[in-house]
Amino acid sequence: MSDIAATDYSIVEEEPPELLARNLRTASHLLASATAFFFLAFVFGYFYLRSLNNAGLWHPKSVSASQAYGAVVMALTVASAFLVRLGLFDHRRGRRPQWRVKGGAALAAGLAAIVLQIVEWTQIGFGPADGGYASIFYGWTAFQVLFAVGALFWLENILATSLRYGKIASGAPAPGEASGDPHRTAHDIRDPLSLVRAGLEAVSFYWAFLAGLAVLAWIILYLI
Amino acid sequence: MAKAAGVVAAIAAAGVLIGFYISGYLVGNTKVFRPTAQGRSVHLTIETVAAVGPQLAPHPDWVSYLVRDTSGHWRRTTIWTLPAHALVHVTIYNFDSASGLRNPLLGRPTGLVGSELVDGKPLTVLPPDQPSHTFAVPELGVLVPIAPVADDAKNTCGYAPCPLSNAHRTITFTFRTGKPGHYRWQCFVPCAAGFLYGFGGPMQTVGYMDGFLNVV
Amino acid sequence: MTAFRRLIGFNLLTAVVLGIGGWYLGWFIGHQITGKSLDFFGEIDQNDISIFLGYFMGVIAFLLGLGFGVYPWARMRGYPPSLREKETAGIGRYFTLCTDHKVVGIQYLWGIGLFFFVGGLNAMFIRAELLSPTNHIFPPGQYLTLVGMHGTMMMGMMTSGILGPFANYVVPLMIGARRMAFPRIEALTFWLLMAAGTILVTTILFGGFPTGWTGYEPLNDQANGGMDAYIAFFALVGISMTLLGLNLMATIITMRAPGLTWSRLPIFCWGVVSTAILMVLAAPVLVAVLSMAMLDRTGQTSFFIASAGGSPYLYENLFWIFGHPEVYILALPGFGIVLELLPVFSRKPLWGYRLAVAGLMGVTLLSWLVWQHHLFVSGINSDLRPFYMLSTELISIPTGFTFLCGLMTIWRGQLRFTVPMLFCLAWFFNFLIGGLSGVFLSDTPSDVTTHGSFFSMAHFHYTIMGGLVFTFFAAIYYWVPKMFGVELNELLGKIHFWLMFIAFNSTFGPLFAVGFLGQPRRVVSYPSHLQFLNDWVSVSAFVLGFSMLIFLANLVYCLVFARVPAPANPWASLSLEFQLPSPVPVHNFERVPVFTGDPYGYGEAAPPVGVPAPSPAGGMS
Amino acid sequence: MTTAPRDGVIANDGHGRRFVIAFIVLSVIATPLVAIFVGPLFPPGNGSAQAHEQVFDNTWLVAIMTPPAVFVVVFLLYALVSFRSRSAAVVDGPPIRGDARIQAVWMAATGIIVLFLAGFGSYELVQSGSGGGQGPNPAFTPAGASKAMDVQVIAQQWEFTYRYPSYGGVEVPHLVLPANTLIRLHVTSLDAIHSFWAYQLGVKADANPGVDNVAYVQTKGPMTFDIHCAELCGLWHGYMFDTGQVVDASRFASWIKQQRTYFGPVVKYLPKYSTIYLPDPQRRAG
């Protein structure tokens, strides 16, 4: 196959600036759908194994999850999602320093939830081998943590961009700063701040969705 | 010309890769063992060991059957060629302790000519907590539970091959091979420790606890 | 010096080296976590944690070696992203992270093709073994591994068989976009798939796996270390599928050119949308259920062990909640291809566009409601069987829409029997047989006999091979001249088609009879009175395999030796991708096209298709 | 839906009429032929009431599916011959974009066929359960099910064994059933998933660990039947087959007596008869 020589980029129109926001919004919705179906398997497993109660080992008496840890982990996740949402409102109103504070607090709350979840596993008094409920409990919380790590990484990216360009009113980095190639400047995002808003909208939706799942996990694993 | 050479090289490389790939699937075969027959009568001497050892297999901790070849060496092969309609006199030296049956029915010897002898005494049924293995050829109706070495026995065998000076039980029996065919034999005792239901690893790999009788 | 620099940069070579290193690191760490001293796996020389850690760290290292770490690292430090990477770097861009959707499409074509042939090779071995009613070539455990490898490789890899190469390549061209919505994720889906395929091949090093492509528990838990390769493979494929579907959906939703309304969208794009919906929603269920299986094998959980509070039914249910949408993930792109190509070669507009879309969407919806028809004799929910029987048979209504639209499109057309057209027409015949035989499986009383027999195996080969692989080849013959700018030989193509079509029917037709006569699936030994039929099938299968060699010969001959340049629009198609020069310029469109109609205006006075105002972009060589 | 001209308006040259006539004539000829000559060839024969029902069911299915198959094949053949392009240059066909009437007829026809198939299959299923495994609480039982004889099928890697709870719970390695009796098979497993397939009896029921999967079968006269495992269960799946027998009542009585004598010594070791057994999983635990 013959190689294509470099196209003259200057003749290529620029993409409409709102395209990235639309892409990210669509992607966050689709990602939330995929995540929902992922955890649906655990919800299904919970009720299915509970209804079968094979060998009487669905939920032996000795197995009980810590109410305190569960509630705190759930509350921290919800608080984190709420802070991100508040930060988004700040960003929409142009209060960028306030958003950065709230974003940082949300990141801290989310990390605290993850750490507490890990502490809970070590303190809980039963292991994954102790029947159906224990299996679901460990599987579900483990993947909850994994997804939370991913969402927090995304949040951190946006926060980092926001901090890096915090001092300027409209961010215009030096040409080629992102790609490290001054000849491909046409493909840098010219205005990183527009990126922050688009990413923030998306991550706020997704993180709120994960917080909703955390509430669901709390209800199913701890309450009923 | 360079193009043609490139294509030929690519075909050769693909051939080598495919050959390598096929060989990956063929390595599981063990060599066929053919005991010497006297007319319509064959003697087989087998031992069952708790751990096959690093000399004989890539999985030293797996349980296994071994067969004694004509020169008196223990070999790890479970594919045996036997004459049709012949009497097979089998001696099994068991060096393994009890694993226990999941289905107690399989403690009743069936399909034999005469009865199963454990250390010379006839056996009617082996209680389900006792068998360490069974020798079973379902298509011929042959089922032989194998009595265990006591847990507190001294001088137990570590890695195979196990000499007869180690603690062992001797099981002897005779069965008839029937018409020519390709019969599988296996162990029914969940003896593959560490696998779910005791039935993974050596229980699901030909060359350890499973094999074929090629009746010709 | 520059050549050396190129070798040590982010490319496939670095990735493979790092991947192997990562594998050993994971293997080592796994043994540190669960060494024999911990008595965790004390009695067996098999350490599943090591194998899984090896695979996952190997994949991560492999991706880092390809350059996937650069972007997250930059974003972590707050740098804004560059939209694209390595679009114009010569031949090397095919061996690294490249974000040009056309390069990814071609990468997919070769990558998927490679594993398709590995899967096909397994089928040849299976049929060689079944030449005789007793076991004679492969030991029974290795035979089961071959069966599982064939099924898993085909199901896992060919899921992206059309969406990977062709949707990635042509969807942006069809909808007038310059790129995919998420170019890096697009590249990620491809390289994940390649890592996954390699992992599956390594199963043989750990004793293979005995479960077939379904991986039923508790056999799954019982199996040798090779099972871990299956789980890692399918989980990675699931992640790749989710991301591929997500990316394609986002692209079609957000990046359509002005004027390209939903009712003007080419029908192939509708096929992609319907498939992508299923991919985004079904594949995560697969990843979840395999994660549970992995936890059962490594983490002591008991999701699927009845004696310990779990249930094998949980696996069966979750697997088929994914598994039935999965078979439509395989079939729907084929529907899209057939409906897309028939108007071109019948010289008529697509008949009943809305009905065709309704058919695709109807299948998408109904495919969620049928999974228990795989479990009609498993002993669950016997009172729900009439419902699942009904929902399964209801799927034939939207499938019938596709048939009607296809058939009515060729009615009164000016049919040109080109190679892609022949493959599309064969689809009607194959899918007809596949669909009608499916009725026997959906009807519970009849399913009692046919379930788990060679009948069901013949049925899904008619739908998947007849439905997907035939359209896969239709797409290859149709779009390769556009993708490579080189014509394929028509005579060799026709020989390939006829040999493949006849051998295919001669292979799988008799298997219906074999199943009806009582041969269960996945057996290494069968009753001797079935030997004649099995031998017939085996010989036909070898001819089928040979027809693939003719295809390969055609490909090599045309792409390496003949290199006849293809015209920009060899089929006189009105579709947008054929209005562009071959090969397509890097950024596809100099100006964003504006649509005024759909691309099916054959025979209409003023073709209502929105051809962009393209002067073929300058600077092309 | 569409405003394009209808098929007939373009050219009323009789293609449509010729095809419809060919389709109707061929369907009318082929359907009874298929039902009469192909139907009885269908498995699994006449070994039991359930097998007989399945043959009846299969015959109906293939008869119903004949007209759609004829439709597509005749349509394709007709179109490929009549509408092939005869010119070397690319010529466009008529721009027909749809026809609401044809669509409506098609939807109605496929809908009726599908609903009939589902209704027919449900009717056949509800009557007797059709020999399939129905789990611990069968929804569809044949008449007289309360008096059925219980036989337990125990699957294990890699052999089926059978227990007769009404004969002292004796367990035997081969299956023998009395003739002209309604049998309730309780299929269960001790390890992986298997599937008990008694081919000539028209019975298939998955054997799951910890599950009592019930299938009914009404035996007819004396016969032998093949038993296969129909669910991949590991290494010897392909060798997990056996032959069973249906014998008349007196022979069955003497056979079971003989078995109770032979397996007498082992009966005391068997666990108490239960519809399920939950063996120790022997996990790879520390």
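Per-chain residue numbering starts at 1, and chain names A, B, C and D are given in the order in which the chains are listed.
Heads up, the rule we're going with is that a residue touches a chain if its C-beta (ideal position, glycine included) is under 8 Å from a C-beta of that chain, and two chains touch if they have at least 3 such contacts.
Here the structure is a predicted model, which is why all the values come from computation and not from measurement.
Novice: Could you tell me which chain's Cα centre is nearest to the average position of every protein Cα atom shown?
Specialist: C
Novice: Averaging over Cα atoms per chain, report the distance between subunit B and subunit C in Å.
Specialist: So the centroids are 41 Å from each other.
Novice: So, what's the distance in Å between the C-alpha centres of subunit D and subunit B?
Specialist: A distance of 38 Å separates the two centres.
Novice: Rounded to a whole Å, what is the gap between the Cα centroids of subunit A and subunit C?
Specialist: That pair's centroid distance is 29 Å.
Novice: Between subunit A and subunit B, what distance separates the C-alpha centroids? Give it in angstrom.
Specialist: Result: the chain centres lie 54 Å from each other.
Novice: Send over the residues of subunit D in touch with two or more other chains.
Specialist: 191-192, 210, 234-236, 239, 278-279, 281, 283-285, in rising order.
Novice: Please set out, as single numbers or ranges, the residues of subunit B touching at least two other chains.
Specialist: Correct list: 184, 193-197, 199, 204-206.
Novice: Which subunit C residues reach two or more other chains?
Specialist: Residues 41-42, 44, 135, 140-141, 210, 218, 222, 300, 302, 305-308, 311, 313, 525.
Novice: Taking chains as nodes and touches as edges, what kind of graph is this: line, ring, star, complete or other?
Specialist: Other.
Novice: Provide the full list of chain pairs in touch.
Specialist: Every pair of chains meeting the touch criterion: A-C, A-D, B-C, B-D, C-D.
Novice: Quick one: which bits of subunit B touch subunit C in the complex? Just the residue numbers, please.
Specialist: For subunit B paired with subunit C, touching residues are 3-4, 6-7, 18, 21-22, 24-26, 28-29, 59-62, 181-182, 184, 192-197, 199-201, 204-207, 212.
Novice: If you look only at subunit D, which of its residues touch subunit C in the complex?
Specialist: So the residues of subunit D touching subunit C come out as 1-2, 7, 10-11, 15, 42-44, 50, 53-54, 57-58, 61, 65, 68-69, 72-73, 75-76, 79-80, 83-85, 87, 90-99, 102-103, 106-107, 110-111, 113-115, 117-118, 121-122, 124-126, 129-140, 187, 191-193, 195, 197, 199, 202-206, 208-214, 226, 228-239, 278-281, 283-286.
Novice: Would you pull the subunit A residues touching subunit C in the complex into a rising list?
Specialist: 1-9, 11-13, 15, 19, 22-23, 26-27, 30-31, 33-35, 37-42, 44-45, 48-49, 52-58, 127-129, 131-136, 138-139, 142-143, 153, 156-157, 160-165, 171, 173, 177-179, 181, 184, 187-189, 192, 195
Novice: Show me the residue ranges of subunit B that touch subunit D in the complex, using the header's touch definition.
Specialist: 102-105, 107-108, 110, 124-125, 127-128, 136, 138-139, 141, 143, 184, 186, 188, 190, 193-199, 203-206, 210
Novice: Mind pulling up the subunit C residues that touch subunit D in the complex?
Specialist: 38-42, 44, 135, 140-141, 143-144, 210-212, 214, 216-219, 222, 300, 302, 305-308, 311-313, 346-355, 375-383, 385-386, 389-390, 393-394, 396-397, 400-401, 403-404, 407-408, 410-417, 425, 428-429, 432, 436, 439-440, 442-449, 451-453, 516-518, 520-527, 572, 600-604
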